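Input: structures, listed below.
Paired with chain B in one complex and with chain C in the other, chain A is shared by the two complexes that follow.
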Partner chain A sequence: MDKQFITRGVKRCSSGKFLLWILPWVAMLIFGLYSAGLCLVKGLNQTNMDNRFAFGLWIFLDLTVIALGAGAFFTGFLLYILKMKELRAVINSAVVIGVVCYSGAMCALAVDVGQPLRFWFTFWYPNVHSMLTEVTFCITCYLTVLMIEYLPIVLKNRKLRDVPEFLVFEHELHKLIYVLAGVGTFLSFFHQGSLGGLYGVLRGRPFAFREGLAIWPSTFFLFILSAAAVGPSFVLLTSWLVQTISKKRLVKPEAMQMLGRISGLLLAVYVLLKTIDTLVWINRTSPGNGFPAAQYYAWHPFGTWILFTEIALLGMVPALILLTPKLRARTGWLVSAAAMACCGVALNRFVQTVQTLAVPTLSFDKFMTYTPSWQEVGTFLAVLAYGVLVYSFSFRYFQLFPDERELKLEVARVEEEPALVGRY
Partner chain B sequence: MLPWNYGFHWTAGTMIFMGAFYTVVVIVASTLFSAALRSRRALRGRQTERIRWAEDFHDLPARDRQCRHVLTGEFGYRECPHAFDCRQCETHSHLVARRPPDQASEPEEDIFGMAFPLDRVYHRGHTWVHSEPDGTVTVGLDDLGRRLLGEPDRVDLPQPGGRVSVNGTAWHAHKRNADVRILSPVDGEIVATGGPDAPWYLKIRPDRMDFRNLLGGHEIRPWVMREMERLQLALSAEGAAPTLADGGVPVQDIAAVYPQADWDAVCGEMFLEA
Partner chain C sequence: MIASNPAIQPNPAIQPNATIQPNTERQPSRERKRAVSRYGMSIDLDRCTGCGACMVACAVENNIPPAHEGATARKGITWIRVFKVDNGEEGPARRSVFVPVLCQQCGEDTPCVHVCPQQAVEVDPATGIVGQMPERCLGCRYCMAACPYHARFFNWWDPAWPAGMEKTLNPDVAPRMRGVVEKCNFCHGRWHAAKERAAAAGKPEIEAGAYVPACVESCPTGAIRFGDLKDSASEPAVAAKDAHSFRLLEKLGTEPKIYYRSKRDWVRQVAAAPKPPSGKENARG
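Take a look at the complex of A and B:
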């Protein structure tokens, strides 16, 4: 039915099958939109957050998806600025992931901030003392850049490129894409950093407070590095997932391994710096503020296991796997390591958001617990469903993996090899 | 923070932040504006066909972008840097100067039962060009291209008086689910149109009698052999098993014997369309 919109030479499932695939996600999105609607109309009393526990599931979600979405800027940087041509195979997919992650995060933030009719206040009356101001400006700008980067992918659709204006504009815009890649990298560095800096400057929360360089706490740099490290891992993981679900070869193993190697290298540097940062914090920063670091881990379930899991199990281990050529060459190890790296950064964002607020600071404080309300979970699920839907439609109608056609012919070549030998 | 806010005052931090923010806004806006401007210029300059081919060529698998001198064994591997327009290629000129094309001893090449007359030159998108005594050229589909389309369901030919450009659209052919554009081998003005039942599709008055971008003589056999291999792979990839029987020749209407194959994909592959 929709064959004329699908890229020539690639196979996609029937419209009926596709409808069956998207139906549950649409249902989830509707439920999520209802939840988000309740929060927007009735206010944040619909959530289990309060003045003390002001950051919850949504901020954890925001920080995680923005870190995972870093694959878009970092892959763009590697391809268009450093000219790593192998990454052309995944750049379109990385851009879609970026669009999904950043727009999803913006939507969740809009619900979290509330007062949708006053969304423009943050731009018109920005607070000079808030790192969130930089985050808001940078994310808005970067989402705009991502949307412009997404535009050529959309305009390259088989039917749309029949319109000469679209074809020519796509071609000309693509020629200038390196400018956007450069701007995207600049913006991403700053907003990833500012999101980290947001926690590092919390003097009233010694669990999160960090020393640093000039006005930037160490978390500023650690957030940039961790996002750059897991971005390629998430692109790798997504590509593998799409390959598995669609039962097609989409990306050459060399490109996957290159993503893994880059991710492993950056992850290793991140783990090293994170370890140094943690040691400085345990031995200097926290005691200097009158808080022995051990006390933060006395509150269960946040024992020292969480620190070990974050740095060693989900940091050092995947870094070593990704840096070992023999292990990297095996899909099982490669994908598992990428998944572990992504979980590691998600855990880091969870710790920064939830553990920071949960542990007591003052002597009369209590250990706080928080469970998200169903409205919060619903909004979270809406972002997830939205992401899956945008990616599914993009995969069906746009050319997300430029090597797909070539790889299909490669499979045919392997099958036909005996018949071709000596014949032509 | 911003000049229109209450209590605003200029500080170094404000200037850095605003400077960076507005620089980004200006860069993004001028990139968009520049792309729009260049598009307008390209559209006015009738560059659409050139751009369409540039895009299609870019999207071809690397194996299909091979230089013609790879076909003849002069290079082991070389991707064409000029999108099959050898008129711009210095390497091609050097190689031709070093080894001028052989004079054909036979009037035509018979390859797997297909006739490729050597009195004409061939485009890699399966069209040929034949020079006529009146200074025009005729353009038609080569034997493999003809067998791929068999009896086309419909052919959309351009109007006489119109123009075609090298690697731009010459005409459209429809066969089963396939809607393919056939690439023009020459630049020029269309003088007359023929069709599937005529000996040629287009009669063109070329801008220049420069056919350096087209294949001829000793290049035909290795090229057609490569095309047959590509066809077999395309058929196999589109689920058209069983493959061509060894020793056989392509039938007159290949599409008819592969009713289950996605003919649009096969034709796109063979006629170099993304």
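Take a look at the complex of A and C:
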């Protein structure tokens, strides 16, 4: 039915099968939109956030998806600026991931603020001292850049290529790709950093407050580094998932391993700096503010296990796996390490968002917990479903993996030599 | 340490070497040129009975709507909250104190001011009062996350008053809409009224005692006192120099303008402790 839209030389499942695949995601999206609609119409009283837990599941989601979506800018930077040609195999997929993550985060933010129609106030009355102003400006600009980067992918669609004007436009856009990659990298560095700075500057929250360089707290730099480290891991993970679900070879093993190696290297540097930062915070910053750091971990369930899990288990371990060539060469190890790295960053964002607000500052206040309402979970699921749907449609109708055709022919050859199947 | 009553043992949660910060107020590094007054408050905890009159007066004065039926203690709006704090002991050794907590009107690098992305929070250079502009607030709640005193409140519901009760609204104070943050502003409507009265009388400034927030006026024991910290004769300025005075979370360097006073050592020790002595709920109202 939709064969004329599918890229030449690649095979996609039947329309019926595709419909079956998207149906549950559409259902989830509808449920999520209903949840979000309730929050927009009836107000944020539909959530379980409160005056103490001013931030909740959605801010955690925003921080996490923006970190995971960093693969878009970082892969672009590596490919177009540092000329790592192997990454051409995943750049289109990385751009779609970026579009999905950033636009999803923006949608969740629009529901999260109390007065969404006043979003333009930040541009009209910007407070240049606020990290949130920097985040708003950079994310808006970067999402625009991502949409421009996404446009050539869309215009390369088999049917759209029949329109000569689109072809010319796509060609012209492609000429800008180096500029866009540079601008995207610049903007991403700032907003990833500012997202970390959001918490690091909170001098009233000794759990989150960090010292730093000039106006930037250490979390500014750690967020940039962690996002750059897990971005490639998430691209790797997504590529593997798409390969597994579609039962096709889409990316050459060399590209996957390169993503793993880059991710491992950056993750190792991040873990080192994060460890130093944590030690400085435990021994100087927090006690200097009159709060011994040990007290933050006296509240269950936030024991020291969370620090160990974040830094060692989901930081150091995947970094070592990804930096070991023999382990990296095995798909299971490679993918598991990438997944662990992504979970580690998600845990870091959770700690920054939830643990910061749970820990009391006044000595006579109490430790509080928070459980999101179904409306919050529904909105969270809407972003997830939206992401899967955009990616699914992009995978079906656009050429996300340029090596797919070549690998398809290779698979045909490999089928004659079964011993090579399953190896990277 | 607690010589007045040997039955009261020091709270184990309090660090033995915890010291109360000196009361001498640091001069702000960037004195605002136009600053005329620096309004502050002193709260005598030994006088506070925890009656909650200040909370009621505050709500009435500032048009805070009755709590929505779905509101919880954590979602309600109470610009001033009274905490019941005890010394951690059980039985006859147990002692309690009531601590009214409101916006501390931080004076130095005010945590909520510099985080607001659209300048909806500002320190009035003429009064030193930290103001909130609901008309400009996006409702992002970053300022709430930044406030160490949890003294900012979000309007989770549309404000609504029972039929007829809207006639009791204070015409000098605009009710806030759903989706914005609000907080104590030392009854700004009263400041405006006092300013107008002073202008009408041909006086350039508000005279001492002519401007008093509702909580101060309603306190039956006179525990809450208000005045200009620049006026050395004002009660808060006197309290600031009192050896038994302290400010909440003074160690964070936010230079709050609310001074608490208690002659009981354990009260000052609990206030200065880094960690709550127990996990139970203390807030009232």
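We take it that the second predicted complex is superposed on the first by the 413 of 424 C-alpha atoms of A that agree within 3 Å, B and C clash if a C-alpha of one lies under 4 Å from a C-alpha of the other, contacts with A are read in each partner's own complex, and residues count from 1 in each chain.
As a working rule, a residue touches a chain if its C-beta (ideal position, glycine included) is under 8 Å from a C-beta of that chain, and two chains touch if they have at least 3 such contacts.
This is a predicted model, so every value here is computed, not measured.
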item	value
Superposed partners chain B and chain C on chain A - clash or fit	fit
Which superposed partner A:Asn127 touches (first chain B, second chain C, both, neither)	both
Partner chain(s) touched by A:Arg413 [first = chain B, second = chain C, both, neither]	first
Partner chain(s) touched by A:Lys17 [first = chain B, second = chain C, both, neither]	neither
Chain A-centred angle between chain C and chain B, computed on Cα centres after superposition, in steps of 10 °	150
Chain B versus chain C as contact partner of A:Pro360, first or second or both or neither	second
Which superposed partner A:Val201 touches (first chain B, second chain C, both, neither)	second
Minimal inter-chain CA distance - chain C and chain B, angstrom	9
Shared contact residues on chain A - chain B and chain C	124-127, 133
Chain B residues within the chain A interface of the complex	1-2, 4-5, 13-14, 17, 20-21, 24-25, 27-28, 31-32, 34-36, 38-39, 42-43, 47-48, 51-52, 54-55, 59, 61-63, 177, 225-226, 228-229, 232-234, 236-237, 243-244, 246, 262, 264-265, 268-269, 273-274
In the complex, chain A residues that touch chain B	3, 7-9, 11, 124-128, 133-134, 137, 141, 144-145, 148, 156, 161, 164-165, 167-173, 175-176, 179-180, 183, 186-187, 190, 399, 402, 405-406, 408-409, 411-413, 415-416, 419-420, 423-424
Complex contact set, residues of chain A against chain C	43-45, 49-55, 112-115, 118-119, 121-122, 124-127, 129-133, 136, 198, 201-206, 289-292, 295, 298-299, 356-357, 360-368
Residue numbers on chain C that touch chain A, as the complex places them	68, 70-72, 74-76, 83, 85, 99, 101, 109, 111, 114-120, 136-142, 144-150, 152-158, 177-181, 248-249, 251-254, 270-277, 279-283
